[in-house]
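Note that chain A is present in both complexes that follow, paired respectively with chain B and with chain C.
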Partner chain A sequence: MNRRELFSGSIGECAACPGQAGAELIPNVALRTHDDVPVRFYDDLVKGKQVIINMMYAHCEGFCPMITSRLVEIHEELGPRMGRDVFMYSITLKPEEDDPAALKGFAEMHHALLPGWKFLTGAAFDIETLRFALFRHDHIKLDLDLQVHAGRLRIINDSINRWLHVAPMASKATVLQHIAWADPPKTLAQRMEDNRKQQEQIDREVERFGYRKVI
Partner chain B sequence: MLIAPAGQGIEQGIDMMRARSRARVSLGGLVLLLCLGLLLGRSGMALAADACEAESQWVATQTQRHFMVLAGRSDVFYDRSGPAFVMLIKATAETADIGAIGIYADDVKHPRFGAVPAATYEEFLSESRHAAEVMLRLEISGPQYERVLGILQSWDRRVRETALLYPDIAMDNILLVKQATEELNRCGTTIAAYALDWGLEDEISEHNSARRIPFEYFKRLRQLNESRHVPDAAMPGALLTASDVPQNLPTKE
Partner chain C sequence: MSQFEADENMHAQDPADSSPTEGLDRRTVLKTGTLLGAAAVLTSKKSLAQSVPGTSSPLTPPQLCGVTPPVSPATRPFLDDLPIPPPAIPVILNPAPTKAANTSHGEAARASHQRWDEFRPFLNYRMSAAPSLHTHHADLLPSYMWTFNGRYPAPTPLNFYGVPSLVRFVNRLPEPAQNTTFGVNEITVHLHNGHTASESDGFAADFFATGLFKDNHYANVYAGVDDFGGIGDPREAMHTFWFHDHRAAFTANNNYLGLNGMYIVYDSKDPGHELPTPGSLRLPGYYGITDIPLILTDKRFCAAANGRNEVFQVVGRGAPGGDKWVVNGKIQPKFKVRRRKYRFRILNTGPAKPWNLSLIRPNGTQAPITVVAVDANFVASPFVLTDRPLTVEVAMRYDVIIDFAAFPAGTSVYLKEATAQNVGVVVADPALGLPIGNVLMRFDVVNRELLFPPDTPALPAVLTQMPDPIVPDATFQWNFTLVDGRFLINGLEFDHNRVDHVVLKGSAEEWTLANDVAAGNWSHPVHIHFEEGRILSRRVRVSQNPDVFQDLALLPEEQGRRDVYPLLPQHRVVMRMRFRDFVGRYLMHCHNMNHEDAFMMVRWDIVDSKQELTRRRQEIDERRRLAGLPPQYTQSKNGGLA
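Let's look at the complex of A and B:
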C-alpha cells in the first residue's frame, strides 16, 4: 500500500502566507535619506523587507536619544542581519527642522551611522501621512502629540504581512523577541537548531542564577 | 463602517466653485511664503511667529471681509448624524470666494468627505431656523483666513491623493474641524474654545459617536460664542442667498 503524508512536517515553505498588502497600507511617499538620497518609502525601503521603524527629531532631548541608544544596541545584537535582511528607519517628526544634514549630525552624535540604518526626512504633508499610517492610535489627542509617536517602535515584515509594535524602552530581550516574531517562517531544521541554542542558554542561566533569567 | 472618500464630490465641488464666476481663492502668496520659508531653512516655529506678526499687524477694512462658518445638521444619515463642515468666505464688493470641506451627504444620502458641493453649503449661507441644524459664522482676519485655508487645502489634497489620516472619515472630519477652529486662536483668543481632545473633560467625545461629534462641537462653540456670531443682518446681502448660476454641472464618474 502506498502511504501519503497528510502533513509536511515543515512550516518553512509558507504556501498559505498572504501576499504583500503593504502597498495598500504603507504610503509610498518621497523621502530623503541622511545622505540626501531620494527614496520612495514603500517601494525602496519596505517592500518585501523586514524593517524596524521609529520616529524622532534631531533636537529632541527627551525620548529620542535614549531610544536611539537602545536601537544602537539592537543593531549590535542583530549583527550581520542588519542591512541584509533587517533594516532600520528613523523618520523625523519635524521635517521643517530636520534636513538630511541635521539627521546625519544626529546619527553621528549617537553613533548610529550603521549598515542598514537610514534616517529619513521629507515634506511635512508626507511625514504626517506616514506617521498616521504607521503609528496612529485612533485617538485625537494622542495622534496629535508628537512626543507620543517618538515613544514607539514599529516592526513590519512586508513579505509575510506581519506588523508588530513594541515600546523601545522595554528590555532589549523583549525588543529582540518582537523583532524575531516578525522573522520569516523557518524550516523545521532551523527551528530545532534555534530551540537547541535557546535550551543551552536556559541551562547556562539556571546553572548560574538558579532560575531562567531572560525570556 | 468604513466609507471611501468621494473623489467625485470633490471634483463636483471644485467645478461648482469655479463655475460660480466667483474669483478663485488666491493662495499663491501663501504657498510662496511657505516655500520660501522652507528653502531658507526656517523652522516651523519661526513661520508660526511670522504668522502671528502678520495677524497683529493686520488692519480690517470694509472693502474685504473674511468669514469662517461652522455648519452642521443632524438626522440625515442612518445613524442620525449628518453633514458637518467648515466653510470659508472672502468677500469684496464685486466677488466672493467660497469653499467648504468636511462631511456632506451625496445623492443617496451617504456620508462623503471632501469639498462640499455648492448646493449643500449654500443652505448654510443664511442662518438656520431648524433645531436639527447648527451654524456659527465668525468674522476673521485675513491672516486667520489664509491659515485656515491652508488647513482645508491640505485636507482637500488628502482626499484627492487618497492620503486620509484615518480609515474612518468621521475621524478625519473631527481632526479637520479641530484643526480649523483651533487655528483661530493660534496667536491669541479669537473664540471661546472647547477642548475637543478625547480627554476626561471632553464630554462631547465621551457621549457621542464619532460621526456626530463635529455637530455637537459646533453647537457648543455656538453657545460659547453667541456674541461673536455674525447674524444675517450684519452680512452683505449677496452672501446670504444661493448663486444664480445653474448648479447641475456634470460630475466626474
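Let's look at the complex of A and C:
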C-alpha cells in the first residue's frame, strides 16, 4: 500500500457516515461541563443535534482566544437557534490543566457563557479518543501534535449524519454558510423559496457589478 | 448494440420534466411524473418493460457495512465484457431552456447565460442524478449508486464544435431523511475542462438540492472567440471532456457514488468517423466501436447482504481507498478487439488513486502505446511509450492508439496497473511475470469481420499546430502547502466568498505552481478551470538551500496544452494561460478529491474592465492588509495593479 492510499485526505467529510454513523463514529465518553455537570458526549450532547465543535485550552494564547471570540460572533448571529437546535462545544486539549472551574473562567473572560455553549473536560484518555474521532488526520506526526487541532471547527448534524469542517477564521459569512450546509433538510417548497431569494440577490449583484461577486 | 439499450427511457420517464410549478409537493411531482411516464409508452415500446431505478420503484436505501474497511469479495477475472457508456440522446426539454434562470419552474438560481444569443443551444440533453443499482462484476450482487440517467458511467454526450449544447442536470437524489449513503443530495456539475461561462461551470458552492434542476450552457466553441471571431481558434480544440459533481466538501463522496461521465466534442479534424473527409486526421473514430472510453476508478465492496454488495463508503479520514479496479463500471473486464488500430480515451475519475498503465504481451514484455492527446488536447506529434507506464493522475485524460494488428488473432494482451488489486481467487499469471492482481483488463485479439470497419491509415506525423505562444501580462504564484494538517493554497483554505486573484478578460498570465511539502510527501494534480495552459518549465528543489532549483526536461506529455498539472513535492511548475471570452468566478484546486474536499482550492475571478480589475485587486490587498499580510499586487506603469 503506498503512502497516497494510506493517507487519503486530511479531515474528510461524512454526509452520512456508514451504518448510521453517529453512535458508531462518535465516542460516548463521560465528560464534565464548565458547570461541573457530568454528561455523555454522544448521548447527551450530539445525538440528533446540529453541533459546532472546537478544541481549545484555557491557557492557550494563540488561536483559542481568536476562535472563541469568532464563536461568540457566530453565536450572536445564530441567536435564538442557539441552545434550541444548534449547540457549541469547546473541548479542552489539556484536560490535566483544565478543570471545570478553569474552563468557566476562560468562558467568562471571553463572554462566552452563553446559551447552548458548553466547555468540556474529562479524562485524558477520553479526550484523546474524542479528538481522534472528530479531528483525526491519520498522520502520526499531525495527530500527536496538539497545536494542529486548535485551528478547526467541526460541524456535525447527527440527525442527517452530515459532517463538515471550516476554518474558523474564514469570514463570518462563510462560517455561517458552512453551518447552514448542515441545517436540517428543508421541504421542496422552502428550497424553492430560498432559491428565489438567492436569484434576487444574484440579479442585484449582476446589476451592480455586471457579474456575480458574492455568493 | 445492446449496451446502448434503454437509455432513451431514462429520459422519457423523468419526472423532473414536470417542473414543480404550483403544488411543489412530492405528490404532484410524482403524479406528473407518472403522466409523463404514460406519455412515454406512446413513444417508446420498451418503457414499461424496463424497471427504471429510482422512479417507478424507489430503491431501498443501502444498509452499509460499517466503518472498518472490508476486504472486497472474490471476483473471477474476465467474466464481464467491457461495457461502453451509450451516447447520450438529445431531447426536447420542457420547460424550454432560458437565458435567465427559470427559478419559478424549479431551475437553480444563477446569473444569466453569457453569450446566449450568440451560441443558442441546438442540442439539449438531460442528465438526471438519481439512485440506481449497478453490478460491478458477475460474481457480485448489485450495488446502490447515484448515477446520471440510471447508468454508471453516465451516457456520453457526443457534440460538435460550432453546435452549442445545453445539459439540464436534474437533481432527483434522495432526501437526507432517506439517505443512508455518505453522498449529499446537492450537486453542481463541472464540465472538465470546458471553455465554459462561470454560471455553467459548476462552481463548487453553486450546488442545488433535490427537486431542482440547472441548465449548463456549453457553447462548444474553441477558446479565442473574441480574438478569432466565429467559434474561436481551432488550434484550441479539445476533444475528451468529462463532467462530474463538484459539490464543495463532498466531491469525493458524490463522485465515488457514480456522479460522472464522459463528454466528447468533435470537429473536422477529429470528426467521430474514419472516412476521408477534408481535414480529418483519420484516427480510429467510431464511438463505441473503434473509439472506446476507458473510465477508471477504484472501489471497495461490502460482503453480500440483502441481495446487494454495497460499495464501502468512507473517503478521507484515513480510508484505504478501493481494492478493486473498475473500468467503465466493471472489474477486470474483457474486450474483443480486431486486428487494427483502436483509440482509447483513458480517464481517471478519482477520487484519489493515480494509475500507472502499461500494455503487456503474453510473454510479459511491454507493448507500445501511442499517445495522441493529453487532457483532451492533441499533442503536436504522437509519441510512443515503450519503456515507462502511462501515469494518469486524477481527472487527467489520455487518448491513446493501440494497434492490435501487431498481435496474432487468438492472443490476448493485458492492460496492467502498477499496483495490484485484490482478486480473491487463485489464477495463474496470465502473462509472464504479470500477477492477476495487476491486470486491469484483457484485450482478446480476433481477425476483423467483413463488416467491421477496416483499419485507418498510419497516424499522421503532425496532429496539430500549437496556438500562438502566450505572452503574459502579469505573473502570479500559487503555493500549495500542508500546514498543521491543513491543505492550503497561498496560506488559506477555500472560501467560496473570498477571491484570491482577479484577472482581466482577454489577458494572459504566467502562474507558478509551487509545492513546498517535504520530499516524499503529497503530490497534487492541480487543475485550473476555464482554459488550457502551456507548461513553460518544471523545476525541482535540489539542496538544503530553498532557493536552489534544477530544471527538469519536460516530458512529451508536458509539452502540449494541459489542464491538470501534476505537482510533485518540492516542484515548481511555471505555466501560462489566457482568460478569454467569458467573465465570472472560476476555480483552481488539487484534483485529489479528498484534498479538494479538505479545501485545497481557490476561487479566482475574471472581470472585463481595467477599472474593475484595479478595484477588485485593491479589495484583495485591503483584506490582506487587515490580516497583516503584504500586498499581493504592485502599482503598474499604466496606473493599474499588476
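The definition used in the following text is that the second predicted complex is superposed on the first by the 171 of 215 C-alpha atoms of A that agree within 3 Å, B and C clash if a C-alpha of one lies under 4 Å from a C-alpha of the other, contacts with A are read in each partner's own complex, and residues count from 1 in each chain.
One rule holds for everything that comes next: a residue touches a chain if its C-beta (ideal position, glycine included) is under 8 Å from a C-beta of that chain, and two chains touch if they have at least 3 such contacts.
Since the structure is predicted, the reported quantities are computational estimates derived from the model, not experimental observations.
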Touch test for A:Ala167: chain B only (first), chain C only (second), both, or neither? second
Is A:Arg196 in contact with chain B, with chain C, with both, or with neither (first, second, both, neither)? second
Considering only touches as defined above, state whether A:Gln177 meets chain B (first), chain C (second), both or neither. second
Look at A:Phe125 in the shared chain and tell me whether it touches chain B only, chain C only, both, or neither; answer first, second, both or neither. first
Of the two partners chain B and chain C, more of chain A gets touched by chain C
If you stack the two complexes on chain A, which partner ends up touching A:Arg212: first (chain B), second (chain C), both, or neither? second
Using the superposition on chain A described above, determine whether A:Arg136 touches chain B (first), chain C (second), both, or neither. both
On chain A, what residues does chain B touch that chain C touches as well? 136, 138-139
What residues on chain C touch chain A, complex-wise? 20, 24-26, 29, 63-67, 101, 103-104, 106, 108-112, 175-177, 179-184, 198-199, 205, 208-212, 249-250, 252-253, 312-321, 351-354, 419, 484-487, 492-493, 495-498, 520-523, 583-585, 592, 594-595, 597-599, 605, 607-608, 612
In their shared complex, at which residues does chain A touch chain C? 1-21, 24-25, 136-139, 142, 145, 147-148, 151-152, 160-162, 164-165, 167, 170-171, 173-174, 177, 181, 185-186, 188-189, 191-192, 195-196, 198-199, 202, 206, 209-215
Touching residues of chain B toward chain A in the complex: what are they? 38, 41-44, 47, 154, 157-158, 163, 165-166, 171, 174-175, 178, 196-199, 205
Can you check the complex and tell me which residues of chain A touch chain B? 27, 94, 96-97, 99, 124-125, 128-129, 132, 136, 138-141, 143-144
